[in-house]
Amino acid sequence: MSTMAFLKRSPWILHYDASSCNGCDIEVLACLTPLYDVERFGIINTGNPKHADILMITGGINELNRAVVRNLYEQMPEPKVVVAIGICAATGGIFRECYNIAGGVDKVIPVDVYVPGCAARPEMIIDGVVAALSILEEKRAKMTGAAQIKDDARHAAGEST
Amino acid sequence: MPERIVVPFGPQHPVLPEPIHLDLVLEDETVVEAIPSIGYIHRGLERLIEKREFTEYVYVAERICGICSFMHALCYSQGIEEIMKIEVPDRARYLRTIWSECSRLHSHLLWLGLFADGMGFENLFMRSWQLRESVLDVLEDTTGGRVIQGTCKIGGVRRDIGAEKLAEMHRALDPFEEQCRNLGDVFLNDETVKYRLQDLGVISKDEAYALGAAGPTARGSGVAIDHRETGYAAYGDLGFKPVVETAGDCYARCAVRVKEVYASIDLIRRAISEMPEGPLDVKVKGAPDGEYFSRVEQPRGEVVHYLRGNGTKHLARARIRTSTLANIPPLVKMLPGAQLADVPVVVLSIDPCISCTER
Amino acid sequence: MGIFQMTKTVLRNLAGGPATRQYPAVPARTGPLTRGHVVFDPATCRSCSLCSKRCPCEAIRLDKEAKVWEIDRMRCIACGDCVEGCPFGSLTMEPEYFAPVVEHVVERYTITYVKPEKPAKKPVDESAGA
Amino acid sequence: MTVNEEQTTIGVALEDLMREVEGLQTGGYRLVQIGCTDIGGAYEVNYSFDKGYQFRNLRLTVGPETEVPSISGIYWGAFVYENEMHDLFGIPVAGINIDFKGTFIKTAEKYPFSVTRRGGDRCRNA
Amino acid sequence: MNWLIGAVLFLILAPIAGGLIAGIDRKITARMQGRVGPPLLQPFYDVGKLFEKERAVVTTAQNFYVLAYLIFIALSGALFFAGGDLLLIVFAFTLAHVFLVLGAYAVHSPYSHIGAERELIQVMAYEPMIILAAVGFYMVSGSFYVTEIAATTVPAILYLPGVFLGFAVILTIKLRKSPFDISTSHHAHQEIVKGITTEFSGSTLAQVEIAHWYENVFLLGFVFLFFAWNPVIGVVAVAITYLAEIFVDNVTARARWQAALKSGWLATLLGIANLAILSYMMLGGA
Amino acid sequence: MQTLLFLIVFPILVACLLLFVKRTTIRYAVVALSALAIGGASIYLLMRYAFEGAVYFAAPSGAIDLAMVAIEMGLALFIIYMGAKFRNYLAILLAVIQAALVVYLEMTFSGSLHAANNLFIDQFSIIMALIIGLIGSLIAVYAVRYMETYHHHHPEVRDRQTFFFFVTFVFLAAMFGLVFSNNLMWLFFFWEITTISSFLLIGYSETEEATKNAFRALVMNLLGGVAFVVAIVLLAATEPTSGGIDLARVLASPDAAVVLIPVVLIGFAGITKAALMPFSSWLLGAMVAPTPVSALLHSSTMVKAGVYILVRFSPVFAGTFAGFSIGLVGGVTFLVASAIAISRSDAKSVLAYSTIANLGLIAACAGVGTYMLVWAAILLIVFHAVAKALLFLGTGVIEQRTGSRNIEDMEGLIVRMPKMAVMMFIGIAGMFLAPFGMLISKWAAIEAFVQVPFGLIFIAILAYGSAVTVFFWAKWMGKLVTVTQNTERVEKGFFEESWAPLYIITGLVIAAVFLFPVISSMLIEPYVLAIYGVTAHLADANVAIMLLMMALLLILPVSFLLFKRTARHLPAYMGGRPATPDLHFAGSLGLTREAQTRNYYLTEYFGEAKLFRPGAAVCIVLILVSWILAGVAL
């Protein structure tokens, strides 16, 4: 396995609006547009979990989207990170006390980076992605390490038989 | 015979930034049946009135929707003011109008961008959102927030716009309008855009009215309903005529919004030049007791806040009916017969704001 | 030409160079009013708890006994209501944003204000403008 | 007060509802919304209509389990409000043209606005 | 041995050239949209990243088809640069795409399936024009062999302007550029998610991308044939053609499949008209 | 000559024997053994005559001629009887006209109705004999078990299996006779036998629809038959002294303009038999018959007789406008039938339209008739026969195992019936993919048409037509390879014996690719050379490349093994909506729905209703034009 980390240079994101008020939501989209242009960092908004490395979630978890969020997360190939954008995604935010809000995204899937703000600004989202990149890289290293160990184990088993 | 294809469209879908689900039944690529299902964003914030005092609830109302945030705050505040018989100072009314129209501008530009994206016109999406950023800059400079303004409160507004800033805004309007008109020309005259929009998702005037369509969806079909005509905030002073198109297709709905962008710029221009001096707010004493159906014209159409106070700091009921909810029945009627490629275009043509709809 | 309406924009973009704000290289654009994050001055707080009462999302907690002021950044909507409401100017709104975090922690401050002889409690003007 | 608009509210009995609604429909009114309010042990259902910014509101008061007829036969678009009424308040609505059968707005707790469930803290995260 | 060198050079250099072209494309596109855009080498980062990702599939069969797609695209390009029979190259090219389509079909997934159907519609749209272009070259140079077409001293473009225009139209389909990026799109947002590549991820997706690079170089080589009598003009013309495609990509909305099919077939008619006039002239001249 | 006679007579004997075999096992043994004998004889024929060019045999005539006329009259009476029984008066009318013409011919030109040689064999005949002998008999073998199951599934159909196999073998005999006859009267006799056999087989199930369609086939073929007799009358009348009904002499006739009219009429007969537009409907109607019948009609018999006659006479067509016009009938048929195939979901219907399209292509080649095109046409006949036989038999198996022959129901066949799916895959690939045969032929046809004046029309037709072909085949292939979850395997339970013919034909499809250079150089090129004095062949480099690609295709499946190890399996993307592995998801309105993936049929653009009439109209005009042009040429 190569040790070159392309992952950091080409993070593709999947954005899902859990139960956001659209505030953070549109700021995520604004990141793609000329003034912020996150494609500078190789970021593409894929819209397809199978292609994505970073799952960006805005808004908190409610009854119906719980399964959707988990489904999307599971469909992403490893290594992957989750960035919770905005305070609703972190804790449920101002809607924390609503009867249909179960809380932040971490109630359902592990969250790696929390971006505060109501609404989170494009700059904060960029910062969040940057923070996510190093985590992504760590996970990749761990993954290849694990694969290496597995391989070694297989070899060892092969030799013994 | 074509066979039937069943596709789950959404809730996560790249073209729809918000979760809405459609059970699409297709024959080849023609939609024969499309049943929406919503509820992915339902938070239940109407019940937050039990937890928040009626003055604090403005912040919740703002976050019903992050795009038309100011208008929700305005609608809520006007409702409470109506119940409590509060007379809002003139300058506050004008400032509210300016921020309302700025919100409308940013909402429409945002929508135009998403609409272009739905048509697969990436550059146009980029251009629309680039223009939108200049509106957001103005909003940030005058309110401190890009998308959630937080300046409207019961009895007036929380911030003023200084004379200097107003003059600067006024100066910026002309070049901005020119840029918007260039953008609008693409939407209105480009052949590929026309090809994608014309004769698509047609709703006749009678149908639109009978289905209770709101906002540009209704006006695109020739139904001249625009609540700004009732003259809330400063619209009464500034004078206002709704933008109406008659074709009832996606192109007409797009045209309404493009022309409303121009109209909004004009309204802001006049509001700035006629801006009265005076206080920003009046003191709110006591608690609301009574009920009122407060109605405001959002970028997406008429929004209704039904507010009912019982003389305590907590309202007895806040019921919010947003324009997208009213536009879902027309949407259900529009989809059959469209092509799969047109589904996002048709869905976007009502400018769905799901977080408003589901509260 | 009906087909190439976008040409003008494309050419202008090509000629004019990108409009991108090079964010991490160039600091974020903020205005004087920009609501970034709330800063607390433990030296001036007199534990009146108005801020925590006014906060619409219960992000601020004040423990008068333990003299602890807490803010949960993951609840704060940066509305500025606490800043406006603070009678002692202990809270200010800074335009810089609060950086993303990898763990959700509540910020905690110990109030260092020493109470003078006479507690000075002022009535709060609720509608104080900006 | 910055808004100048007439709002009239007319009480209506359950059996007169359909007739009244039909009357408004022939009178050229459009449906603005249907909304419910919990008035302690019973519901007020507001059917709001508008014609040229003239706001008319039919107010129906029903008990907790009373079945309400659907007006979606008269106003096709009423199904969104009626489904909502059912899902949030638990008011049974008979004969909706597009009946989501409780899946229009799916909530963690069924009928969160229902009067019969009053009392007790329903906020999950408080 | 010349042919072998051509083929080997293609197999080695085309991914590099193709990736660079993709990088330039993305940069120019970004500039046209008033953005900075990604680094020039971004496509390589992307593909490198994809190889680093976990192998995840819906069904293992999909990998087989995609690999076959890559191999046959490379093979048809190699045949082209080896100077082979143009018709055979076109058929090998079609075969490659059928494999891609089968890869998408193999996955039991609605979006992938719709993408596959659309890809087939695209194949149906462009195939006649490619065949016709080959026939056009035959009429000009008297051979179906790329070697001989490239060696001709006749400026093919002067005889085949209609064919060239028609080819430019289907080139838009082949490069997956708006308005004809209907089966899968380089742009993020499409009604069928990622269409044909929806279910491909990791290294499989990287293979699709590399195949696309091969394909682009091959197609640009095809464009070059129109100007082959003068290599300098040829290279300039290829660059201009590609720029024009990027430009069109940026000033149009995506079309529906009907329009793609219609355009492809009308373009073919244009080519036929061109060839009809040409053959009339040749008959008259003879 | 013994082999020739054996191939004609032996099937008839077997047919008679089969009339008395009631038990399936014995029938299977008889059919399998005779298939072996027939196949062996055809291969012997290949070994014996492949390098000898055309060989003519003066078979005994006289008594045989008389017997033939007698049988023809008998058949006419039978048609009249059937026509009366089912009130189809058009059939009666045509039968009467035909009988009258035959009688007239016998009475008036009895002196000149003797060909110097009644039988002959050349490389083209060998190819046809191989197709009939190998594929035809394999289909017969397959049919034994198929028919048993067929009657099991269709208890309402009267069990007439003895009759069925009788007709089948008579059919094969007639086909052999047809391709070996040098005497046009003989040829016509066998021609009529095929017509009547197909009539009987199509009507086998005796349902109303079957009878209707059988009569449609009969009427259309009789129409061709009438044209055939008229042609013979004309030939006999114009060249009474030289023996006008001698095929070899007609082809070699120095006065091409004179023979053109009769040949165009025979060409018309070929058009009806090959089911080109506007006569395509009989072949579609023939789908009501049990699948082996369809396989026979489409691959080795009947329609192949039609194109055989067209290719046989193509030297006469070559360079004439009448021939060009007939070629255009084929071209238009190719384009329109391919397009209509897009809109069909019934597997047999798709196969039928594809057959019609390919026959159209062969006719186009034959009509224009340059040496390269004849080369391509023969290649097309070969490849089409093997691939189509496989596809029909495969469809039959699938229908019997899954209860449906709708392409949509073949979704996931790779999981449910892996063996069958692979065979179908190969069959379909054989129909349109490089490096399989049909594509080689198309490629050759394009290269050939380029060199023909006005060949551009055909190139345009080919370009559009083959693009359309890719669409409908590939989407079918896609259905087969879809890996569905939670589906049951249903392959077992089908009679083991029936797999053998399938395996052999699959082998033939693949072998055809590897052997086509041999087929070309050993059989087709000498034939073309003999007729035209020049011949076409593929460049060696390209042959090598084709073989390379084929090898790659065979090697690639090995790569399957590479992926199995590490991949993690994910569910399909469903817009984030959680779904079960078989794609059920919670849809709107509280319903559980299944995400369905279906093919596109584009009926609005390619439907039969949209395209058939215009296509047929153009073809009718072109046929009339060919007659007029032939007349003008005189």
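Letters A, B, C, D, E and F name the chains as they come in the text, with residue numbers starting at 1 for each one.
Everything below uses one rule, namely that a contact is a pair of C-beta atoms (placed from the backbone, for glycine too) under 8 Å apart; a residue touches a chain by one contact, two chains touch by 3 or more.
For reference, the UniProt names are A = Hydrogenase-3 component G; B = Hydrogenase-3 component E; C = NADH-quinone oxidoreductase subunit 9; D = Respiratory-chain NADH dehydrogenase, 30 Kd subunit; E = Hydrogenase-4 component C; F = Multiple resistance and pH homeostasis protein A.
All values derive from a computational prediction rather than experimental measurement.
Looking at the partners of subunit B and subunit C together, the chains they share are A, E.
Separation of subunit E from subunit F in touch steps, taking the shortest path, is 1. Among the chains, the centre nearest to the mean of all shown protein C-alpha atoms is found for E. Each chain gets a centre from the mean of its Cα atoms; the one farthest from the centre of subunit E is D. Counting C-beta pairs in contact across A-D and across B-F shows that the higher total falls to B-F.
Averaged C-alpha coordinates put the centre of subunit D at 58 Å from the centre of subunit E.
Inter-chain centre distance (subunit C to subunit E, centres taken as mean C-alpha positions): 53 Å. Spacing of subunit C relative to subunit F, judged by their CA centroids, is 81 angstrom. If each chain is reduced to the centroid of its CA atoms, subunit C and subunit D end up 40 Å from each other. Within subunit A, residues 16, 32-35, 37, 40, 45-50, 62-64, 68, 72, 77, 94, 96-101, 118, 121 each touch two or more of the remaining chains. Each of residues 98, 100, 103, 106-107, 112, 122-123, 126 in subunit D touches at least two other chains. Within subunit E, the positions touching two or more other chains are listed as 30, 32-37, 54-56, 110-111, 113-114, 188-190, 193, 198-199, 250-252, 258.
Remark: the chains found to touch one another pair up as A-B, A-C, A-D, A-E, A-F, B-C, B-D, B-E, B-F, C-E, D-F, E-F. The residues of subunit B lying in touch with subunit C in their complex are 52, 55-56, 59-60, 63, 121, 123-124, 127, 130, 137, 140-145, 148, 150, 153, 155-156, 158-160, 182-183, 185-186, 189-194, 280-284. Across the complex, subunit E meets subunit C through its residues 30-37, 247, 250-252.
Subunit F makes touch with subunit E in their complex at residues 412, 414, 433-434, 439, 443, 446-447, 450, 453, 456, 459-460, 462-464, 466-468, 470-471, 474-475, 477-479, 481-485, 539, 541-542, 545-546, 549, 552-553, 556-557, 559-560, 563-564, 566-575, 583, 595-597, 599-600, 605. Of all the residues in subunit C, the ones that touch subunit E in their complex are 3-7, 10, 13-14, 16-20, 22. By the touch criterion stated above, subunit D contacts subunit A in their complex at residues 106-109, 112, 122-126.
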